[in-house]
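Each of the next two complexes has chain A plus one more chain, namely chain B in the first and chain C in the second.
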Partner chain A sequence: MGRYVARKLIHMVVVLLLVSFATSLMLDLTPGDPAYAILGDQATPAAVKSLHQELGLDRPFYVRYGDWLSNLARGDLGTSYEYKQSVSSLISQALPVTAELIVLTLLLALAIAVPLGVYSARRVGGIVDRGTTFVTSIFVSAPPFISVPFLVFLFVLTWHIFPATGWVKFGDSPMDNLQHIVLPVIALSLWPVAAFTAALRSDTVATLQEDFILSARAKGLSTRSILFRHALRPSSFSLMTLAGLSLGTLIGSAVIVEYLFALPGIGSLIISAINVHDIPLVQGVVMFTAVVYVVMNTAVDILYRYLDPRLRMQKA
Partner chain B sequence: MDVTTPGAGIETLVGDVADTLLDTRSRPVSASPSDRPSTSRIRRLGSVGFWLATAWLVLLAFVAVFANVLPLHPYDRFVDSLPPRASMGFRLSEPLGTDASGRSMLSRLVFGARESLLIGVASVGISLVIGSLIGLAAGYLRGRVDEVVTILLDTILAFPALVLLLAIASVGARSVNTVIAGLAILGISPFARLVRSTTLTLADREFVLAARTLGATRRRIMFREILPNVVPGIISVVFLFMAAVIVAEGSLSFLGLGVPPPVPSWGGMVNEGRQWMSTAPQLVFIPAGALLLTVLSLRTVGERIRVRFVGGVSTL
Partner chain C sequence: MTSTRELWSQDIILSVDDLSTWFPTPFGAVHAVDGVSLHLASGEIVGIVGESGSGKSVLARSIMKLTPESAITRGEVTFAGRALTTVSPAEGRAIWGKEIAMIFQNPMTSLNPVMKIGKQITESLKLHLRLNTADARRRAIELLALVGIPEPAARIKAYPYELSGGMRQRVCIAMAIACAPRLLLADEPTTALDVTIQRQILDLLADLCSDTHMAMILITHDLGVVARRTDRVMVMYGGRVVETAPTVKLFVRHFHPYTAALLSAIPRLHRPSHTRLAAIPGRPIDIIDPKPGCRFAPRCERAQPRCTNEDPPLTPASDDAAHLFACFYPVGTSQGDEALRANRLVGRNAAGMAMPVVSNGLAEPLDA
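The block that comes next holds the complex of A and B.
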């Protein structure tokens, strides 16, 4: 176990080093001089040159990469061209919004997917199963930029239940905050609902063929008790892994959802940064999401092995 | 992990395909006697769905290939006989009405389909070829080659897919080629991993040993013995991947970072129509519906092929 964890961690560090290298390369790959992006097209050559010195752009790539990496290790991601603020403070301001969005989405998705997946598995090919399969296959085929306009049309324009866009901090007014986040959460949870349901369904179908389910049934236990007390737990490994690994997908979808609902999260930050060619900010957000994603994946891998006794016994 | 993720958010690019490739083992699902009639009904319903999906894809491919010779209004000119945002109606020409500035919806939809399919085929083709070569080499040669390849593939997968796409879009010039390149880079990892894992299981089989004993070269074994056995598993992934690519391209164009105007793209059409949501919702619903149908069809066909070739019970 210890050896497995060590190997996973080394792998993670190597991947993160390569990620940081690729990310820092972005500045050099972007056509055009960043100095003109900051100073405007009318900048004098002297001003451009002094800015190059200030930003360290006159030094070779590997020197800048070394600096960038050592700053990164201290949590310093540089300064945004556009906002004249440190990138890490911009990210930490945006993070709570995205975190709230993703946590609520995962909770909602699990709350819907668990009963749906278990009941679909109970009778393969039954009405519940077919209905669920049909609906979730539509969910899965509707990316946020398609589903959000539909949701807005129904909930905002037709029924006037929720506000269309905007954001209120939870600390300022919890009710308003929740009202603004309901629709984004629904839009973001369509994909995980479908994915979680399918994962849980296929595992539960296998579990329900086991002998201990037969014996539970023979004891005369109620269907509900069999499904949720006996079958759910051994069937939830894939679901838990998937819930952990879905973070990358959710970060990606959150970009679109935040943009559509004008939520001031990480997604809105990267899109505005790209639109104004604020390269340090783009790099910072890309690096940050990659680190979160990689660390999360590694944690899930290790946790999974720890939780499943069958895997724990295997040699790493 | 043995999860069949149905995924189709933008990021299913990775999740979906990775899971499809991991789910090569079949899960027996025996229907209880009482289930049998409904199971066969599903199979019939399922095949109706499959034929509808195929018909839609054939229609789409046809209009996309012959877009130039079909009697369509040019996609970048105004329709003189109709005002902007004309609704759908039983007209011989322009049955879908006009867009926000008065251009033909039908024509823009067809040329948008051409753009989507072109980008899809090109990027999937590139990642398929490169990914397969890398996967074959890593899976058959193993050792150092395999270690290096695995680390590099994990590095690409370390970025949430849409975030990586946004980073590439922000670096490259805004053109169709940048979109294709970004999607192709994203696709290399899943294809290489799939081919690698299949190659690993095939490399120890008797027919490979027989070929080696007969003195076949490494290249011959890889391309003539192993590759033909890898292909069936890839075909279904190609369709699923194509669905993910079309979603990703739509998302990029929706954000204004994909196909540059005036060339139409479904994602761009959804974005342009968004501000007319309350008075002319069809501006959004027509391209959104077309995209949804296409993604649904690609997934349906891909899933059917997977069950056919790889075996196993479809979970979605």
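The block that comes next holds the complex of A and C.
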């Protein structure tokens, strides 16, 4: 197990280095100058030059990247050009919003997908199965930029149930906080509901063919306990993988959803940072997201060992 | 084991009357079980024997209502006075696992791989006997000890993959007998196990029956398995019962050529058990949209024209009402010997099967 963890850690570090290097390089190659974003379009060449010196932008790319890395190693993500605050404090302000959005999305998606997937598998081609396939096929074909206007039209403009945009901290008013997060969560969960249901359905169909399901039926167990106590866990490998990996996709979609609903999360943060060429902020947010992503992948791997006790025996 | 004479007077616990199960397929209906009747007294052990594909598992699963939804079942199954064919799912759940339990062929796949074996045993105890967690756990340990699992208290925390095949089958038995069922259906419980383990498991099942007065249907493809452990044997071929008799009588005298072939195929120590008969050519085919006629005719050395267009009825021997067989030209009868001799002279049977030509027709009969 020790060697397994060590190998995983080295792997993680390599991936993160590659991601940070690619981000920095891309930022360097994108046209546009952060100095103009900071000083305004009318800035004099002299002012731009002195700002470049101040920010260290006059030095070659590899020096700046090396600098950034050594600061990172000391836990310093630098200071945002735009907000004049440390990047880490900006991330920690935005993080709770995105975390709430994504955690609630995953929970909602699982809460819907687990019964749907399992009951669809119970009778392949039955009414539940076909209905589910129909509805979820609509879900997959509705990315946030289509579903959000639709949801806003129904829930905000027509029924006046939820506010359109804005944010209230959970600590300030839990009810208002939830009011503001419901629509973003629904918009963000359409795709995972569809994907999770499909994954769980196909694994459960296979599990229900197994002999041990016959033994469970021969014991006189109810359909519900056969499905949820015997079939669900051995059928949830694809689902777990997908839920773990979907985090990356979800963070991507969250950027759009946060932007459309004006939620002050990581997504909104990175969009504003890109708009003004706030290099340290973009680098910091991308790095942070990559860490979350890589850590989640490892967590999924460990969860496997819980789900299938046979794997615990195997040498990793 | 109780003697058969005694059993006739006892109450019948399971009655299967004219049970048929078929599977609609794109190529026609597969008649897996075709008009089988079976009566079982409590404490009685009946062996069902036949090659693989003869419909034994489908019969057991039809009794347990475990057939796929596509299957069509006709006929009556009555257990302790209740018609199982018409019970509601809720009533059925109070019977399966509690009064009728089943053991499957492959212990490697019939336990849930991600559930501790203790939990797999206690779940029926909690469901049917309403035991609390502590009592169920205690009972599960007793059951594991009863089926001969060493260190049962530690073993209840084991996962199936940590046990050998024989141990897993013991766990399956413990699971099946947990609620002291009155009837156990054992579908080839030892086929997947090696010979020494086979004997241990079969002896364990026989002991459980005599200790608890549990009735058992023991399904096997090996007549040798049923020899000393059953009260009665039912030989199946092509979904039908071809011969049935008290076990002791069947080993002394048999009428059906298929029974004869099975007897000559009983594995000896030096000859491992096979699921297909070496003694007779051919293999059972899926019985798709069958026409009248003996199912065994394509492989039978005695088959005459009559066999290919008329169903031989299951009838008692002239001198023994308890010994039934379904054959027009039985082994050990003059018309049977004559049919065999006639086919040997021409070197083929009425169904077109080629066989060695014997000039006087009197070679050592294969099936006697």
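Keep this in mind: the second predicted complex is superposed on the first by the 289 of 316 C-alpha atoms of A that agree within 3 Å, B and C clash if a C-alpha of one lies under 4 Å from a C-alpha of the other, contacts with A are read in each partner's own complex, and residues count from 1 in each chain.
The rule is simple: a residue touches a chain if its C-beta (ideal position, glycine included) is under 8 Å from a C-beta of that chain, and two chains touch if they have at least 3 such contacts.
Because the structure is predicted, anything quoted here is derived from the model rather than measured.
With both structures placed on the common chain, the touch criterion links A:R233 to chain C but leaves chain B unconnected. In the superposition on chain A, A:I271 contacts chain B only, with no contact to chain C. Contact with chain B, but none with chain C, is seen for A:G248 once the two complexes are overlaid on the shared chain. Once the two complexes are laid over each other on the shared chain, residue contacts for A:L110 go to neither chain B nor chain C. Which of chain B and chain C touches more residues of chain A: that partner is B. Contact with chain C, but none with chain B, is seen for A:G220 once the two complexes are overlaid on the shared chain.
Of the two partner chains placed by the overlay, neither chain B nor chain C lies in contact with A:L72.
In the superposition on chain A, A:D308 makes contact with chain C only, while chain B stays out of contact range.
Looking at the shared chain after the overlay, A:A94 reaches neither chain B nor chain C. According to the touch criterion, the shared surface of chain A, contacted by chain B in one complex and chain C in the other, consists of residues 123. The part of chain A that touches chain C in the complex is made up of residues 123, 210-212, 214-223, 225, 229-230, 233-234, 307-310, 313. Of all the residues in chain C, the ones that touch chain A in their complex are 64, 66, 69, 89, 92-98, 101-102, 104, 106, 109-115, 123-124, 127-128, 159, 161, 172, 175-176.
Within the complex formed with chain A, the residues of chain B that make contact are 1-12, 14-15, 27-31, 35, 38-39, 42, 45, 151-152, 154-155, 158-164, 166-167, 169-171, 173, 243, 247, 250-251, 254-257, 267, 270-271, 274, 277-278, 281, 284-285, 288, 291-292, 295-296, 299-300, 313, 315-316.
Considering their complex, residues 11, 14-16, 18-19, 22-23, 26, 29-31, 123-126, 130, 133, 136-138, 140-146, 149-150, 152-153, 157, 191, 194-195, 198-199, 201-203, 205-206, 209, 238, 241-242, 245-249, 251-253, 255-256, 259, 270-271, 273-275, 277, 279, 282, 285-286, 289-290, 293-294, 304 of chain A touch chain B.
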